[in-house]
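Several structures are given next for inspection.
Two complexes follow with subunit A in common, the first pairing it with subunit B and the second with subunit C.
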Partner chain A sequence: MLPHILPKENFDDFVAWLMTQGRVAAPVAKAPNFSFDVLVDKDDIARIRMDYDVTILPPKKYLLPSYETLLDFNGPAPENVRAEIDARPTVLLGVHPYDLHGLQTTVAAFSQDPADASVLARRKATRVIGLNIASYANDEQFMADMGTVDPPDGVADLFLTDIGDRYFVEIGTEAGSEMRRACDCFRPAGPEDHRARQEYDERKAANFKKRLPYHVRYLPELLEASYDSLLWDAVARRCFSCGTCTNVCPTCYCFDVHDNLNIDAASGVRERMWDSCQLEVFAEVAGGENFREQTASRLRHRMFRKGKYILERTGKPGCVGCGRCSVHCVANISILEAFQQIAGEAAEMHAT
Partner chain B sequence: MTQAMAQPPAETSPYLPRVGRIDEVRQFTETDKYFRLSFADGQGIRFLPGQFLEVSVFGIGEAPISLCSAPGDQAGVEMCIRRIGDVTGALHNLEAGATVGLRGPFGNGFDMDEAAGKDLLFVAGGLGLAPCRGFILDALNRRDEFRRVTILYGARTPSDLLFADDLKQWDQRDDCDFHVTVDRGDENWTGNTGVITTLFKKMPKLEPANTVAFIIGPPIMFKFAVLEALAMGLRKNQIYCSLERRMKCGLGKCGHCQIRNVYVCQEGPIFSYAEVMRLREGI
Partner chain C sequence: MAEKPKLKVSFHDFTSCEGCQLQFLNCEDELLDILGHVEIVQFREAIDDKSDEYDIAFIEGAFTRESDRARLEHIRKCAKVVIAFGACACTGGLNVLKNYRGVKEAMRTVYGDQADWYETSVALPVEAAIKVDYKIHGCPVPKQEILEVVKSVVAGRTPRIPDYPVCVECKLKENACLFHKGQYCLGPIARAGCGAWCPSYGGRCYACRGLISDPNNNAAKDVLEEFGLTVEDIMQEFRLFNGVYDVAQPPDNAHVKSC
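Coming up: the complex of A and B.
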């Protein structure tokens, strides 16, 4: 499908049209950071910051909310229990390529048999408008290594590149094609537009320098080779096991399930909520045995999930290099730094 | 856009349990109760030994519990539940006629066809007899398909012994060798005392290269029993165990049961000792 142009003067109309299709979540300022928020009314369109660098939380929260009701019950017995799936029509606007990859990984993880009906229903009800980036937001990002500077195929229905007074709009899906036809804000791209888009890519290529000292294809093996490294103990000494890193991660999806009783102490809901493998009790069983008691074993587990396990399971990156975990870590633990260090660790482990 | 947003029926939620009716409850020990259940939808269940169900009491939560009855196509299931926390405590308060939520079966289980023609060695410690019983009943029901069958069972004290009726039966059968021991006897106990590994000396000689062993019990018991089995010459990939982990979904998603890159709720809980060694964080 040939690309189109969305003139910036049509942007507000475009968003207004999107708002007729479902709730629209877009990047807005949350000083001093940015966040994806649902637009309440048309006045909110002015709050959209298509120039944002990176949000605190990734848009994953619209596929896997931090809290959600799985079941509704009216007493301790299982009769009349109802499953609930909240899949409101939603448009995610302005999603950067690394977060598009994050959404893809989340969907891949929840699609694995037995599939998760809630996440998949929400994905089905969600339209995604991607937004290109031309440079890193900070020193902790490493998308160039993780292969996430460009969007994955088939995730964004429309993908926008800012080329001055207009957006170059690539159409990624059949639904995107329908949107383009249904909304009269677009015009076909001309030769000038194509040239501007090419120049954007050249700038982009110059900006996105790799930050790992090896090709990412070796990451899983390097991790495996440094399984016994003291690096994990050294880094874990600073870790508070607070779980912030997993909360802000676009590809983390571990959860807990709890029953929440209403005031009548009989009816209530079974809820699922984000959990973190970094919390001390995560792998503890009744009776007190804890299968990842040491901070180091939990930290290593996270690093391995990010660099190896999720990729091996889903074929999609378990880390998209967005840098959020490192930026928000109170102990300044950097996954980029750890991934850099394992090259040396692995070589050392190998030598002995 | 609108047609793409049709919601799938919520009944497809993998969290929605079936209704299980408790047909019988028996107090086995101070902390362990036996439950026999059937499905209110009359549909029955098909499972392998080693698989488990997620059992719900709404308002309290859900807990994974091993199926301890004979596997295959069954109208109902049996479970042995130790009271240790919220959900298991709530289950202990239920009487025959009450209903609970049941999801599953989950886990890999073990197809006893794979052990056909072999000597079988079952080593069960404590509550480990519950999952182990499914294997044992299957083997005894299809007795002709296997060679020697040996069952070793250890409990802390005589009053901790589970499935007393089964123990009596196994002891009386002449087509299987059954040995039981307790760590500490009481005035009425005339049987073996000592940890379970002492039973290895009492059992008949097996053909190590042709034996499949199931060692199911607490990690400490597993470690010692495995050493005995290896000393006998059993192969690492012919010794099976069941790993316990925290579980919140049974669907390979929540991450609680994960050992390295393995979800115990889906790819376990039955692992060969060779696999446990490879995982490194298994035991």
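Coming up: the complex of A and C.
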């Protein structure tokens, strides 16, 4: 499918058209950060910030909301139980490549047996419009190492690259192709446009320097070698176990399900809420035993999940290098720094 | 099937502003539903008749006078379930501040030359006098937690009370962190359950719901110090609502509780 051009003067009309297709979530300012927010009416189009750096929460929240109701029940019998799936048609506008990778990981995790009906229903009802980035937004990002600088195949229906007074629009899916046909804001891309798009990629290549001192393929083994390192204790001394790092992460998907009973103790709702492996209460199992009692082992567990376990299981990094966990950690604990430090740790261990 | 007799609920106040009892009345929408299952027998804010027969006693306010002890013990004897209701009852609340000024000095500030007419001593949580079964933290208590505790006690199950930091709820609400705005906040060690009330309105968290059970106090001191606060500032911050915890005690000071 050949690329098209969306002139910026048509951008507002394009968004207005998207709003006829479903609710539109787009990046807006949330000083001093940004967040994805649903546009309420046409006046809200002016709030869109296509120049945003990175949002506090990833767009994952539209597939897996931080709180949701799964069931509604009026008694234990099956006929009294009603599943509630809120899967409204939704358009995610302006999703950066690392977050497109994050969405892919989320969907992969919830597609595993037993597949999660509500997350998958929401994915089906969601159109995604990606947005290219030309450089890092801060010192904590390392997408070049994690292979998430460019979008994954088949996640974004349309993928926009800002080439001055217009967006270069790549069409990624059949649904994207239909959108392009149905909305009259586009024109076919010409030679000038193609050239500008090529130049954008050259700038990208120059800007996105790798930040790990080794190739990411060695990350799982280096982590393995650092398992007993004192590094984890040293870092954990500052850790609050506050869960911020996992709550802002595009690839975390732990949740907690509980029944919220009404006072009659028979009716109620089953709710799901995000959970975090960093919380002291998370690993508490029946009997009150906590198998990751120490802050240091919880912290190490997170780093291992991000850099080893998920990579080994799915072949895709469990971390997309977005830097959110580090930027939002009040204790300034940086996953990039930890991944950098383990290289030295492993070398030392081998020397002895 | 015979109707189950309604559980009798009573409210008792000690040293407090009675704001927490008002919060209970604020649960208007749910109150009717609750009243289908419990009967309120003693509630100064709402009705007059007094009764000593109750199953569930809500105690609001701090234990600040030795003469409170007998009253508290009496409530403990009458009630099957005792609930410490609000920061004042759970931790002593703001009242604990006076412990740091010295009780005499605090009395002089409040009552002037009439200070000697009144009886008072250090402010303590209700738990310092009697065993409590549940605590509903907060100044004031959050509505959703009142409902959770009432529903659970009626149904005979353990209420779900968060034991994780306010930061969790703050991030789930996608608030910009106050630390990013150059301010500071006790959210990383404060007990959640309020829906990150204060940061959601741009204010910092003073941990009015007390601290989580295993707060990383050293990290808190380090991080706050990096934000330019002195140890004394940090102690003040902790003390506002959590003066009874060790973390609010300067390292070289004997336990202030006994002053």
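Keep in mind that, in the parts below, the second predicted complex is superposed on the first by the 343 of 352 C-alpha atoms of A that agree within 3 Å, B and C clash if a C-alpha of one lies under 4 Å from a C-alpha of the other, contacts with A are read in each partner's own complex, and residues count from 1 in each chain.
Keep this in mind: a residue touches a chain if its C-beta (ideal position, glycine included) is under 8 Å from a C-beta of that chain, and two chains touch if they have at least 3 such contacts.
Bear in mind the structure is a predicted one, so any value in this text is a computation, not a measurement.
In the superposition on chain A, A:K30 contacts subunit C only, with no contact to subunit B. Using the contact criterion defined above for the overlaid structures, shared-chain residue A:E84 touches subunit B, although it does not reach subunit C.
Within the superposed three-chain model, A:R47 lies out of touch with both subunit B and subunit C [touch as defined at top].
In the superposed pair of complexes, A:F73 makes contact with subunit B only, with no contact to subunit C. When subunit A is checked against subunit B and against subunit C, the one touching more of its residues turns out to be B.
Contacts of A:K210 after superposition: neither subunit B nor subunit C is touched.
In the superposed model, A:H258 makes contact with both subunit B and subunit C.
In the three-chain superposition model, subunit A touches both subunit B and subunit C at residues 258, 261, 265. Contact residues on subunit C toward subunit A in their complex (touch as defined above): 33-34, 36-37, 150-151, 154-155, 157, 160, 163-165, 167-168, 171-172, 174-177, 179-181, 185, 187-189, 212-216, 218-220, 222-223. Against subunit A, in their complex, subunit B makes its touches with residues 1-2, 4-5, 7-8, 10-20, 40, 56-62, 84-85, 88, 90, 98-102, 219, 244-246, 248-249, 251-256, 258-261, 280-281.
For subunit A in complex with subunit B, the residues that touch the partner chain are 21-22, 70-71, 73, 75-79, 81-85, 87, 89, 109-110, 112, 114-118, 120-121, 124-125, 127, 175, 178-179, 182, 227, 253-259, 261, 265-266, 268, 270, 275, 277, 282-287, 289, 291-292, 297, 301, 304, 308-309, 312-313. On the side of subunit A, the complex with subunit C involves touching residues 30-33, 35, 56-57, 61, 66-67, 237-244, 247-248, 258, 261-265, 273-274, 276, 279-281, 295, 328, 330-331.
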